[in-house]
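You will see chain A twice below: alongside chain B first, and alongside chain C after that.
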Partner chain A sequence: MRILSRTAPLLIVALLWEAITRGGLVPADMLPPFSSVAVELVKLATGGTLLPNTLDSVARAATGFAIAVAAGTAIGAGMALWRGFETAAGPLVQAFYPLPKSALIPLVIVWFGLGDTAKTFLIFLGCLLPVILSTYNGLRGVDQVLVWSARSLGASRAAVIREVLLPAAMPQILTGLRTAVAFSFLLMVSSELIIATNGLGYLIGSYGDNGAYPAMFAVILVVTGLGFAADRAFVALSGFLLRYRE
Partner chain B sequence: MSDDLTGIAIDHLSHRYVPRTGQAVTALDNVSLTVPRNSFHALLGPSGCGKSTLLFLIGGFLPIQEGEIRTASGPVLAPGPERGVVFQNFALFPWKTVKQNVLYGIGKRGIRGAEADQRAQHFIDLVHLTGFENSYPAQLSGGMQQRAALARTLATDPDILLMDEPFGALDAQTRRIMQEELLAIWRETRKTVVFVTHDVAEAAYLADTISVMSARPGRIRQRIDAGFNRTADTSVFKSPEFIGLVEHVWDLVRDEVDEARLRSH
Partner chain C sequence: MSTQLSLPAPSSLRPPRIAWSAVATVKRFASILAVLLLWEIAGRLHVVRPFLLPHLESVVWRFYSDIVTGTFFWNAALTLYRAVAGFALAAVVGVPLGILIGMNRLMRWFWDPLVSLGFPMPKIAFLPVFMLWFGVFDLSKIAMVAFSSVFVVIASTQAGTAGVERWLLWSARSMGAGRIAVFFQVMLPAAMPQILTGLQVAMPVALITTVVAEMLMGGAGLGGMMMQAGSYADSIGVFVGIIETSCVGAIAVTGMAQLRRHLLRWHPEFNPR
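Up next is the complex of A and B:
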């Protein structure tokens, strides 16, 4: 029942989509019928185009995300724990935060060329800020009493960071990482659309340019499905890590 | 002034802080206090009298600005495992089970393996949490969380137990049960206890000696020897001696509350 109620809205949208396109309400070159998109999806999947491009895209997103998590938690923790570092890095982070990272695509092409490095770097930039900010805010928000409690039980200052501050900040850090997962998909597609060599963003762009709209929609569906799956997987992982919260 | 009969010696201690908005506040003004070893001392006073500040200074959590605090291990400069602390809001590690919480301090004392396990179990049993070893704090009631926090602190075997309104967040029935149990545990372990409270009956029931504090600036107004013959349960609440003591202490506290109210107007 639960699965049915969860998927019902999606099924209804698919049916409506099919109905308005088959009924001629919307011309097929603006919105191809759902059934022809589905047929095209099967063709792409079995024809050997989809899998390598998906793997390329996912590898980039995962690499950029992973580097951003490592660098972002380090920078965020540095800012939260050392006043001097916060003074130096704080204004840079605040200035960089509202900038749409896709605005940097041309610059990044100049720096890194048209290869994987440029795209991975853009994904890294997109994921970096939410990780820094959530780590910083999470560590800053830890209840002082928890730290005192650990210190009076015999924990050193260094041990407190690892054994108390990080686990106590984990719920907020994970919230930031979830945002970063979404941003990794955003930057993955937009960078591949512009720096078009391969990947799912490249497929969307090139099918669109060539008027192959059912195929283009099929790839959009793949990106949507991947993004949804990544988010669900992340929520499941968070739920496992934070299982102590009833 | 400190000898081996002294648990804690506080000498001419003053503490000021500047709130984010407004002027410097003298939280403690020239406080001197000796708590004999193995005795139970209550710090009693209206809110804002600096009693928690005093406790946190003894804990080594706040920098000492003026004066000195000494224990058997020397002057207090930082937190140390010879001074165990129990906080009002328990301060358990929410990501650790009851047993893992209790094991944390034991591990910091260098005890591992089966010996650590046995020790953790002993203190979990002592506070009557047997069967809840693998529960997370969020799965426990407030009273049970404070039991876990008490077990965690006792398991590190501190000489001194600092308690900051430990039962303040609990309902009245749970509070009374916890008071009885704390007294029973204290009889068994004989720690030097400093217990912060604003509950007159709680102080009178638990403590050997009570310091009544005044607010702004925080001073010790009077030190009372409660020294009355405590039995292990709260039935003494009905005895004439107990009622007399509570009335006496309450008069002192009432004066402080009245004065504080007048000054704030």
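Up next is the complex of A and C:
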């Protein structure tokens, strides 16, 4: 029942979309009817174009994201736990933070060419800062009383990090990772639109250039669905990881 | 309510002691200076080909000549205009819609699934659609920027409005305030910090989208300039473009922080006891 109530607005929008295009309110070359987009989606999915490009895109996003999580948590934790490292890395992080990562696309092309490395590197860069900042803020925000109590009860420094700091900082770290998931999709699509070789962003751009609008809208629906699914999957995963909190 | 009152005062607001702040400044910029020094040394020793990493000196020189000839101001103004116009559109649509969603059950039922679908979606995927609908000039860029930044505005406005303590509204009502007065004097001020947070997140999003749209559609601006430099293998131009984009980004982010400080000057956040 709840699912029905949640999806009803989406159905209403789809029906409106179909109605205004079939009714001639919007010309079909501006917005193809929903039904023809759906037909095109099935054709693409069964025709063998969609799956390899989706896999390429997802592999890039996942690789960039994974490297960013590994490097970002390490840097963020280093900044939170060692003052010297914070003095060295903090200003760089601050200077780098307001820079739109997409502005680096031309530079990354110069450095890495038009291959997978360039796109994966961009996704990595985009995801890196939210991970660093949330790890740093999460660890710094832990109540010092908790740390002192653990130390006074005889816990070693490693044990304090593992048993106290990490669980306490986990919610904020996961919030940062959720932002990074969204960024990985954003950079995946924009890098593939600009460095057009393959992947979902490339499909959208090339169908658009060729005037194959139903196919273009179909791929956009796929990207939207993937982004949504990734976000939901991440929320479910965080719920599982945070199950120790009541 | 209590969470807002107990917000710690940002340390930057305390009056700095001069001697201490000079040391702190050197410390703050030491690692940035170190990176610039490494860059210069790498250039001098020919460790990296100048095409991959142009000399710091030539980048600074080009930046200077961009400023003197006015190229920088022209491109920066174009980018900033598109970003701010799209951002303003997103604010004008997103804040009222977010308030309505936060206050009205029916609106929430209809919009909640759409917003939660649109929020994590990579909005830039719609760029070819906006080109199809609005052409390749300013209008489509502004519409694209507004579309990418509106969801975060809606989401945080909705959360801010729905999170206003009920008893604040009830007390105001019981003391005889009308619906309109309650809205403007209690609801809106109480939701304001979170609305502004949403706008502060939306500003960089708007700028990023503008730069990417300019890269893909051309039409000058910082993104168009960088893409052109890239395709002429002018790596100095690419580096200068990155620096200029960060300048514009810093201006936009600082402007939003100032706006927050001005609009919330009554709020405990900016009035540490």
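Here is the rule we use: the second predicted complex is superposed on the first by the 245 of 246 C-alpha atoms of A that agree within 3 Å, B and C clash if a C-alpha of one lies under 4 Å from a C-alpha of the other, contacts with A are read in each partner's own complex, and residues count from 1 in each chain.
Everything below uses one rule, namely that a residue touches a chain if its C-beta (ideal position, glycine included) is under 8 Å from a C-beta of that chain, and two chains touch if they have at least 3 such contacts.
Note that this is a predicted model, so its numbers are computed, not measured.
J.: Would you mind checking whether chain B and chain C clash or fit side by side on chain A after the superposition?
T.: Because the two structures are overlaid on the shared chain, the partners are seen to fit without clashing.
J.: Let me test your reading of the model: by the given contact rule, A:Gly208 touches which partner, first (chain B), second (chain C), both or neither?
T.: second
J.: For A:Ser152, select first, second, both or neither according to whether it touches chain B, chain C, the two together, or no partner.
T.: So A:Ser152 only meets chain B here.
J.: Is A:Asp143 touching anything from chain B or chain C once the two structures are fitted on A? First, second, both or neither.
T.: first
J.: Once both structures sit on chain A, report the angle chain B, chain A, chain C from C-alpha centres, rounded to the nearest 10 degrees.
T.: It works out to roughly 80 degrees.
J.: Tell me which partner A:Ile173 touches in the superposition: chain B (first), chain C (second), both or neither.
T.: Neither: A:Ile173 stays clear of chain B and chain C.
J.: Which of the two partners, first being chain B and second being chain C, lies in contact with A:Ala230: first, second, both, or neither?
T.: Touch status of A:Ala230: second partner only.
J.: In the superposed arrangement, which partner chain does A:Tyr244 touch: chain B (first), chain C (second), both, or neither?
T.: A:Tyr244 sits against chain B, while chain C stays out of touch.
J.: Counting residues of chain A in contact, which comes out ahead: chain B or chain C?
T.: Per-residue touch count on chain A favours C.
J.: Could you grab the smallest C-alpha gap between chain B and chain C in the overlay, to the nearest Å?
T.: Superposed on chain A, the two chains' closest C-alpha atoms are separated by 8 Å.
J.: In the complex formed with chain B, which residues of chain A make contact?
T.: 143, 145-146, 148-155, 163-164, 167-168, 170, 242, 244-246
J.: Write out the stretch or stretches of chain C touching chain A in their complex.
T.: Listed in rising order, the residues are 27-32, 35, 51-52, 109-114, 116-117, 119-129, 131-133, 204, 207-208, 211-212, 215-216, 222-223, 226-227, 229-230, 233, 235, 238-239, 241-242, 245-246, 249-250, 253.
J.: Over in the complex, which chain B residues touch chain A? Could you list them?
T.: 56, 59-61, 78-81, 83-85, 87, 89, 91, 93-97, 104-105, 108-109, 136-139, 152-153, 156
J.: With touch defined as at the start, can you tell me which chain A residues reach chain C in the complex?
T.: 5-7, 9-10, 12-13, 30, 87-92, 95, 98-107, 109-111, 181-182, 185-186, 188-190, 193-194, 200-201, 204-205, 207-209, 213, 216-217, 219-220, 223-224, 227-228, 230-231
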